[in-house]
Each structure stands twice: as C-alpha cells, then as structure tokens.
Amino acid sequence: MKLLYFASLRQKIGLPEEDVDVPAYVRNVADLIDWLMTRGPGYEAAFENRKLIRAAIDQEHAKLDALLGSPKEVAFFPPVTGG
Amino acid sequence: MKLLYFASLRQKIGLPEEDVDVPAYVRNVADLIDWLMTRGPGYEAAFENRKLIRAAIDQEHAKLDALLGSPKEVAFFPPVTGG
Amino acid sequence: MNRVQTEDFDINDEIAALTEGRSDIGAVVSFTGLVRDVTLTLEHYAGMTERELSKLEADANARWQLQGVTIIHRIGTLHPADNIVLVVTASKHRKDAFEAAEFLMDYLKTRAPFWKREGDEWVEAKDSDDTAAERWK
Amino acid sequence: MNRVQTEDFDINDEIAALTEGRSDIGAVVSFTGLVRDVTLTLEHYAGMTERELSKLEADANARWQLQGVTIIHRIGTLHPADNIVLVVTASKHRKDAFEAAEFLMDYLKTRAPFWKREGDEWVEAKDSDDTAAERWK
C-alpha cells in the first residue's frame, strides 16, 4: 500500500511517501494509524493527536472509520490551511 | 422653494426643476404633493401612485410625513434603479 | 473613495489603489455589475448621489473592519456587457470583505439616486432589492 | 476552470475570460486572498487538489445559477502582499455570484489540501473556518 504524508506529518515521519505491507487486521483508517504508530517515535509523534489527523483514500477525504479496501494510495495530513 | 424632478417624474411633469411659492398650509412632503397635483394633468400623472414616489429634502431621503422646514431644494423621483 | 463617471473603470487599478504598499490586507472582494442584453441610459441626482455613496461607505466602515472601500458608478448610455458599477472592499478577513461588499450593493440598489432607462421605458425597481436591503437592519 | 500555479494571476484577465463575448452576465464577484505581513510557503497534495477544486466548482454550479467559475491557487513561497488565491464567479444576479464565491472560499479553506508554512512553523487551521463552512450544509 502506498502511503503519503504531508506538511507537519511529513516532517515528523521524515518521509514524503513509502510503500508498506500492512497486516491483515488493518481494515480502516484508524487501524492503519494504530499500526503505523508501532513503527517508531516519528510515527508516534505524527499521529499522537488524532483530532489533528486528516486522511484521504485515493485522493478522497476519508474519516477514521472509513474502510480502506484496496487503495492505490492513502494520504495523511493535518487540517488544511490554504486559501 | 426649488423643486427637482427625476426620471419618469421629470418626463411626466415636463420639467427637470422649477421654483415655486407654496401656500402656507403645505407643511410636509405629502402636503406638497397634494398641492402639486392641483397644478395640471402632468403633475397629476406624475404623483398618481404615491407608493412609487420617493422624496428628498436637501438631498436626504425623506418620508411623506417629513416636515419640509425651509429647504434649499426638494426632489421627487421614482424608486431608484441603479447598481 | 467613491466616484460617479461616464468612463469605464479598471478593476486591477482600483484594487491596486486600495492595496498597494500595504501588507495588512488579507482579503479583497470586488463586485462588478454589468449590462445584460439591452442598451441602458443611466441618470442620477448629482449631489445627492455623492452624499449617499459617502454615507454608504461610512456605514460599511462602522459595521465591518475594513482597510478600504471603493464605489464607482457609471452614468450615461451603456451597451450590453458594459460595466455599470464597481464595489471593492479590502479587509484583514474574508468575512468582513464579503459582507461589506454585499451590504454596499444592497443599499446602493435601494438608496443611491440612479435611474435606468431602456429606450423610452424607465426600468422598474424590484421588490427583491428591498428585501435584500432589509436584512442589514 | 481551476488551476494550481506558482505564478501570480491577473484579475482583469480572469474576469475577461469568463465574460468576454457574452451579454448574459449581470454580476461578477472576485475574491482575492493575500499574504499579510509574513513570508509563507504553500505546499499541496498534487492530484487531490485538482479533484477537490473541480468538486467545489461542480457543487457551486449545482447550488447556484452561475455563468462561470474560476479558482486559482498559488503554491511555493509567497511574500507580504502577494496574492494567494483567486475565486471569480459570474452570474445573472448578484445574490448567486456573492453566495457562490463565499461558499467556494469557505469550502476551499476546509477541504482543498493546501498547507501553509511560516518559516519552520506550520500554520494551524482555524476553528472559524470550520464554522464558516458548516453554514452551507
């Protein structure tokens, strides 16, 4: 699964994107976050405050309980600040 | 007293402005309209539908019951249509 | 700043006049009113118009936090697609800029002494303009 | 029409692109967002941004009677008084043009994947933007 990180999340994780093999129990966005947080302190810091995490599955906004399916890409980012 | 007429009122009355001596009983805008309507069919046509008459005393919007005082000019016109 | 003129206006120039040399403006809203399909002649009550437009500006400045306001209204004969009116508002925040511009247009449509003629027919005022202006009371 | 670009935009040109050659447009609203006081770097999620901006346009067209919509958002490093974002709406009537422009800005601020950095600090999202977007539900 291709993961993308933007803004402060990219800085904390230290990567703009990566390919990962996720365990079978990872069904929705929240599961994915839980699993990513086991991967090291950068991930822990990035996903610490879940209120400030936004996700997109295949470039569509997705809630924490959204099922992942078989996406081409999943992105994580903080609340947007454009405009 | 100097009177000004705009738009459809000017066309019906046939004058852009005129100086008039008004009788003593003319105290407010409605009195002035009543008196003007006695001055001929053009005035009658102009002031026929009072709902569609707007007035200004010395360039300030004025209601029909506004006292005239001693104005420099009183203007009559239909509802505005700029913008 | 407000003006009544026969000439056209340039939106870029008018925005630049409000914003140039400052960095405290976060939001600029412009409203342009254009002639649709017909040829119009616009007349106004010179003197009262300028007073009303100045009052509108003062009212908007009292109600919203604005860094600048411009109102330009054209008079004379205007053709399809010609500009009629321009309102520009500049503010720190977009809410103030948007609301002030809408307020100015609603009030201008119901209080500024302009009248449109289409050929020999005077354009009639719309009730919807009165309703729009009511909401700011 | 929507674009993401590093270059500046020209408001006159963008309005002309919507209005030129037509006489069915009575109202054009432009909103320009500008950088205040600081130097900002804007990044975005290429691909998703364009999808979100297209969706915003489609939503606005479904909700209001519009003759045209333009959204342009800049990315890269921007300095005080630089333009950040432009929204232009064209309609027969001013109410549609105003409301659609406000809607587009409120939604853009809460849904389009752009992030501002000021030096090393990421700008935090404002609750007031969420509140503003809520009113269109």
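Just so it is clear, A, B, C and D label the chains in written order, and each chain counts residues from 1 on its own.
One rule holds in what follows: a residue touches a chain if its C-beta (ideal position, glycine included) is under 8 Å from a C-beta of that chain, and two chains touch if they have at least 3 such contacts.
The model shown is predicted, which means the values in this text are computed figures rather than measured ones.
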Those chains which touch chain C and also touch chain A: D
Length of the shortest touching-chain route, chain B through to chain D: 2
Inter-centroid spacing, chain D versus chain C (mean Cα positions, whole Å): 22
Centre distance in Å when chain A and chain D are each reduced to the mean of their C-alpha atoms: 27
Rounded Å distance, chain A centre to chain B centre (Cα mean): 72
Two or more partner chains touched - positions in chain B: none
Shared-contact residues (touching 2 or more other chains) in chain C: 33, 105
Chains grouped in pairs wherever the two touch, ordered by label: A-D, B-C, C-D
Touching residues (chain side chain A, partner chain D) in the complex: 4, 6-8, 11, 56, 59-61, 75, 77-83
Complex contacts: residues of chain C adjacent to chain B: 33, 42-45, 47-48, 51, 73, 84-85, 105, 108-117, 122-125, 129
List of chain C residues in touch with chain D within their complex: 10-12, 15, 19, 22-37, 80-81, 92, 94-95, 97-98, 101-102, 105, 132
